[in-house]
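The following pair of complexes shares a single chain, subunit A, combined with subunit B in the former and subunit C in the latter.
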Partner chain A sequence: MTIVETPEPRQMMVVYSRADRIFRRIVTGGALTSLLLLGFITAFLVMRSTETFREFGLDFITGSEWFSAGEDPLGGAVEGAVEEVDKSVFSIGPMIVGSLVVALIAMLIAVPLSIGGALYIEFYAPRSIYRVLVSLLDLAAAIPSLIFGLWGIQVFTAIGVRWATLLNDRLSFVPIFSVEFENFGRSPFVAGCVLAALVVPITTSVSREVYSRTPRDLIDTCFALGGSKWGAIRSVVMPYGKSGVIAGAMLGLGRALGETVAIYLMLNLVFRYSFEILDSAGGNVASMIALKFGEATDKEISALIASGLVLFIITLIVNMIASSIVARTTPRA
Partner chain B sequence: MSTVASSSQLTTAEPRRPWAVSRSTRLLGFGRILAFAIAAFFATIFTPLANVDGWAVAFLLINLAWVIGIASKLGAKERRDAVLRVVITSLAVLAFVPWLSILVTVILKGYRAIYPGYFVSDMRTSTPDDELNIGGAGHAIVGSLIMVAIATVVTLPLGILTGIYLTEVRGRLTFLVRFIVQSMAGVPSVVAGLFLFATVVKSMGQYSGLAGGLALAVLMLPTVSRTAEEVLKLVPDDIRSAGYALGARQWRTALLVVLPTVRAGLSTAAILGVARVIGETAPLLLTSLNTNGFVWNPIGGTVASLPTYIFAMFMYGTDYSNARAWTGSLVLLALVFFFFIIARRLGNKSALKANANRRK
Partner chain C sequence: MTQTQITTSQGTNQQSGETSKFIGLETQGVHAWFGKHHALSNVSLRFPERTVTGLIGPSGCGKSTFIRLLNRMHEFIPSAAMAGSVLLNGSDIYAPEEDPAMIRLKVGMVFQKPNPFPAMTIRENVLAGIRLAHLKRSNHDEIVEQCLTRAGLWKEVKDRLQASGGSLSGGQQQRLCIARSLAVEPQVLLMDEPCSALDPGSTLRIEETIKELAEKITVIIVTHNMQQASRVSDYCAFFLTDGGPGYLVEADATRKMFTNPTDSRTADYVQGKFG
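Right, the complex of A and B next:
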């Protein structure tokens, strides 16, 4: 009997030369800068908004009053209003709810349209115009939101108001469709429609991308079994692309929640909880920031930054959900 | 083959495509749609449906009714298929109509105020309400380009470094960096503006093009680094191995072998980022505001930009200022599309190159 000595397995290790180490350090530094930038933004927003949160606490999120007591832009209090200075009240409850309501309206309209659009481009459009449609879709996603806002006000409002009137006429027994004053312009409904138009290209192009990756074999199998086109779409394409569509919708939702100018132009901001979507009174955090920013006092700026933080957190959560869905379910090519 | 060739009575059969739609069927379909369109027009006259949207609804309903009528002879499966074809097609039309309408509106309303001077003159000596043949948006175009240039200069190195980190270096933080950069794409533009206002504008004591450019950079960074990563991922590993096999260290491989193969792709990344931010309005309203004249100095106070110019002209609210706003939109849209098409061209070229590499 002989004892065979097994040699120790060699440790494989990478030794980087000095030049490589410097290179890696520089690149890592660049990546870390991007990382720190977001951290810095977050830290800064938190820091600047502590003052507001400390003063108003949870009321900042639930309350519905925004009042900035007179304060001289130069820093001193306006004469005769000295006692008023501390009476400033800032809270953005209706704005948060309004943001969610408008975004929800937009998504309710945009998601079916996007699914229809994506299915049409991938499976129904004639091959001759397929490429044209895909490039047009990409271009549509690049139209600045300001132009959507202009179009919304000068072109779409007339149509939107007519739809709103119709809804109000026929369905006013449903609480959300009743209004106090029959003035339907600049209402959450009309703004939501414009926002839907803005979101559709984004959601459509993500969904189309996923649908186009459906394995051809599966679709052909479905046809071979005697399925119709709709049958193939329903039983193969839609289940396959479901997570992609959800991710696209979440991306669109993030965009809809953070949208500023289009809503600024399309919506009356009112600090009052309101669920009457046809009434020309709504709320939106992002456009509220743009609106109040112009003549804001220092204290109000802090409150605006706090609102920005709230908005930031909401969109961050939405986006993280979206990217984790994408990461988890991206079909391997 | 040979037997066929030897037979003397050889006739070549015309290839036939029995499944192809014949000319008459196509004409019939076209005529049907025309008839429905006219019927829908009459429906808008005689029923409560009114206007363009009413016409569209009527057209859809007539189409649907016809399909259901035709399909009633078929089985359940075919009927559902036919009905859903109409439904999906009309959903797609609805999805495409708004921005086709935007395109048409911008062109129709925008060409009114265009004259050569629009691109070179500013608004110092004219009010928004002046005749359309004086004044222009030259200062706004210049301001936009300066701010976008600042954003690009800041973002491009950072974005490319991030891309290299994620694909070449692959350090311990890869997952975190990718996750954070992706969620950064969700920073609302107005929040980026607030951030730069409270840091740069406050500390400099004045609004400036620099602050505007940096705000745009925050929004541009995710687009650039994600596109850079995607492009670098396309480089086949063979090329890297070839670099190592020739004795190159990692830095030489990355800088002299990998990066040059994706030059076009990286330009695409930059241009896509530019197209993404050039139309941003909200951050500029908070950082660079607007002004009436040319400003070349990015740290010398307020700077005009196309979006804020459009916004200001629109808010002014007269007929002439409105026309100026639409013309500004036309210029802005043309710029966005211009960048976008260049990016696509470059992107296609680099994709071809990557494929060619792969085939070798």
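Right, the complex of A and C next:
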């Protein structure tokens, strides 16, 4: 009787060719560099903001006061103020809320527009202008936000104020549409509209891309079942593209949350919690940092960097929520 | 003009008073173009009701183009054009007053690759056509059971109608697609190589299904599989191309096509000498 011994699993060795090894090192290096950069940025933000967080704690996020006691620019003690306690208070609650409010307004306007635009280009636009529309869209996505801000001030504000007046007239019983003073310019609503214009190209572009990848077969099947074009879009194209559209919207939301220049030009930053979106007072973390950085004291700079860290974390959270939504809504084939 | 002349008695005894019209699907001198490319030339064929017709021929001879002409799917391709006429029970489906969506309700289609709607359950898939075409039906449960039974799938899925259509095997998915087509009660079912993506076992199941379907409706099936054509079809039509547009070589009862065809090219093709 022979006993067959179960052999030990063999080691499988792979010898990479020279070209393979070099290429491997290049791509690994590239990946590591970007990871390291991200790590360094995070470390910088955390290190420079500890001072602020240690002093103000959670109040930094929830409070609504920003006051810099100031320093002698020459470094010497201000006369008569030598023994005085530093009265500086830094907190960015209204700016965080403001960022979210303006971004939300922008998304509420931009997402339906983007979906409509993407469906039009992909399924209704005449073939002769299809290419043109697609490249125009990509071009629009690359326009610097400063241009949108300038257009916002010069052109759109007049229109936006008219819309705001209308909303206030008809819907002022809804708390968010009521105002104390009828001054609608530089309000979160108008700024949100401009932000929507800024976001629409990128979300439309992503949505169009995913819609265009709907299997032709599935669309044909809808037609073969006696369905209309709208039927096919509703039962196949939109469900198929849902996760991609959400991803596109999140990309837009990321842009809206971090937008600096356009908001800087379009919005009055006021350190006061306000949910009256037509009122000419709002907040935005990124613009606030840009606004204050130039003349900030050392202590204030730490607070501004802390604000940057908060913005960074908010964006991270939004992105994580987004990818979990995308993962949950992706249809399994 | 080559035609399958074996018309059924229903086909000739019409009491309409007008000239007797052919019951079933009929094409008269059909051509198809894609832009300047002439894809199909002068095809005249008759598909008597409640029969299975196999369309055979090498790749690129216009079979799929032809089948898509029969339910007005051809026109979805930009620059597609056609000539001739396609008659369903005597009336031209390309007549200006005809609504293409209504035509497609009467002439259904099953595609090459099984393609249940990914975001829908098995039950929703079967009922998709009813929703898409806005048909008024109250007996949804009955329709689901009936269509799945006719497609030979009911026993396998009756306990998991709420499962996603994508959770089924390839062969089951294709039978689900057949059930989905049946739910809108078509008179004709077009099948474009419905088994080419399936294993032999699933293929046999679909072939049995096709034979049962032909008790009630007309089936037209494109296939590259000669055994399949000989197993399932009552009639066969052989298409060919000589580099130019595809054309019909001959059409006849399947048995004759496989044993004693008129054209020598048909004999060569069905015996696997080319193609």
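The working rule: the second predicted complex is superposed on the first by the 285 of 333 C-alpha atoms of A that agree within 3 Å, B and C clash if a C-alpha of one lies under 4 Å from a C-alpha of the other, contacts with A are read in each partner's own complex, and residues count from 1 in each chain.
Keep this in mind: contacts are C-beta pairs under 8 Å (C-beta built on N, C-alpha and C of every residue); 3 or more make two chains touch, one makes a residue touch a chain.
Since the model is a prediction, treat every value here as computed from it, not as a measurement.
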| item | value |
| --- | --- |
| First (subunit B), second (subunit C), both or neither touched by A:240 | second |
| Touched partner set for A:258, first subunit B, second subunit C, both or neither | first |
| First, second, both or neither for A:171, with subunit B first and subunit C second | neither |
| Partner touching more residues of subunit A, whether subunit B or subunit C | B |
| First (subunit B), second (subunit C), both or neither touched by A:145 | first |
| Subunit B versus subunit C as contact partner of A:228, first or second or both or neither | both |
| Which of subunit B and subunit C A:215 touches, first, second, both or neither | second |
| Subunit B versus subunit C as contact partner of A:124, first or second or both or neither | first |
| Which superposed partner A:28 touches (first subunit B, second subunit C, both, neither) | first |
| Residues on subunit A lying within both footprints (that of subunit B and that of subunit C) | 228, 231 |
| Touching residues (chain side subunit B, partner subunit A) in the complex | 50-53, 77-78, 80-81, 84-85, 87-92, 94-96, 98-99, 101-102, 105-106, 109, 157-162, 164-166, 168-169, 171, 173, 176-177, 179-192, 194-195, 197-199, 218, 221, 225, 249-251, 254-255, 275-276, 278-282, 285-286, 307, 310-311, 314, 322, 325-326, 329, 332-333, 336-337, 340, 344 |
| Touching residues (chain side subunit A, partner subunit C) in the complex | 127, 215, 217-218, 220-228, 231-232, 235-236, 239-240, 242, 331-333 |
| Partner subunit B, residues of subunit A touching it in the complex | 16-17, 19-20, 22-24, 26-35, 37-38, 41, 44-45, 48, 112-117, 119-121, 124-125, 135-136, 138-140, 142-148, 150-151, 154-156, 159, 162-163, 197, 200-201, 204, 228-231, 254, 257-261, 264-265, 286-287, 289-290, 293, 301, 304-305, 308-309, 311-312, 315-316, 318-320, 323 |
| Residues on subunit C engaged by subunit A in the complex (per definition of touch) | 71, 73, 76, 78, 101-102, 104-105, 108-109, 111, 113, 115, 117-120, 128-129, 131-133, 164, 166, 177, 180-181, 184 |
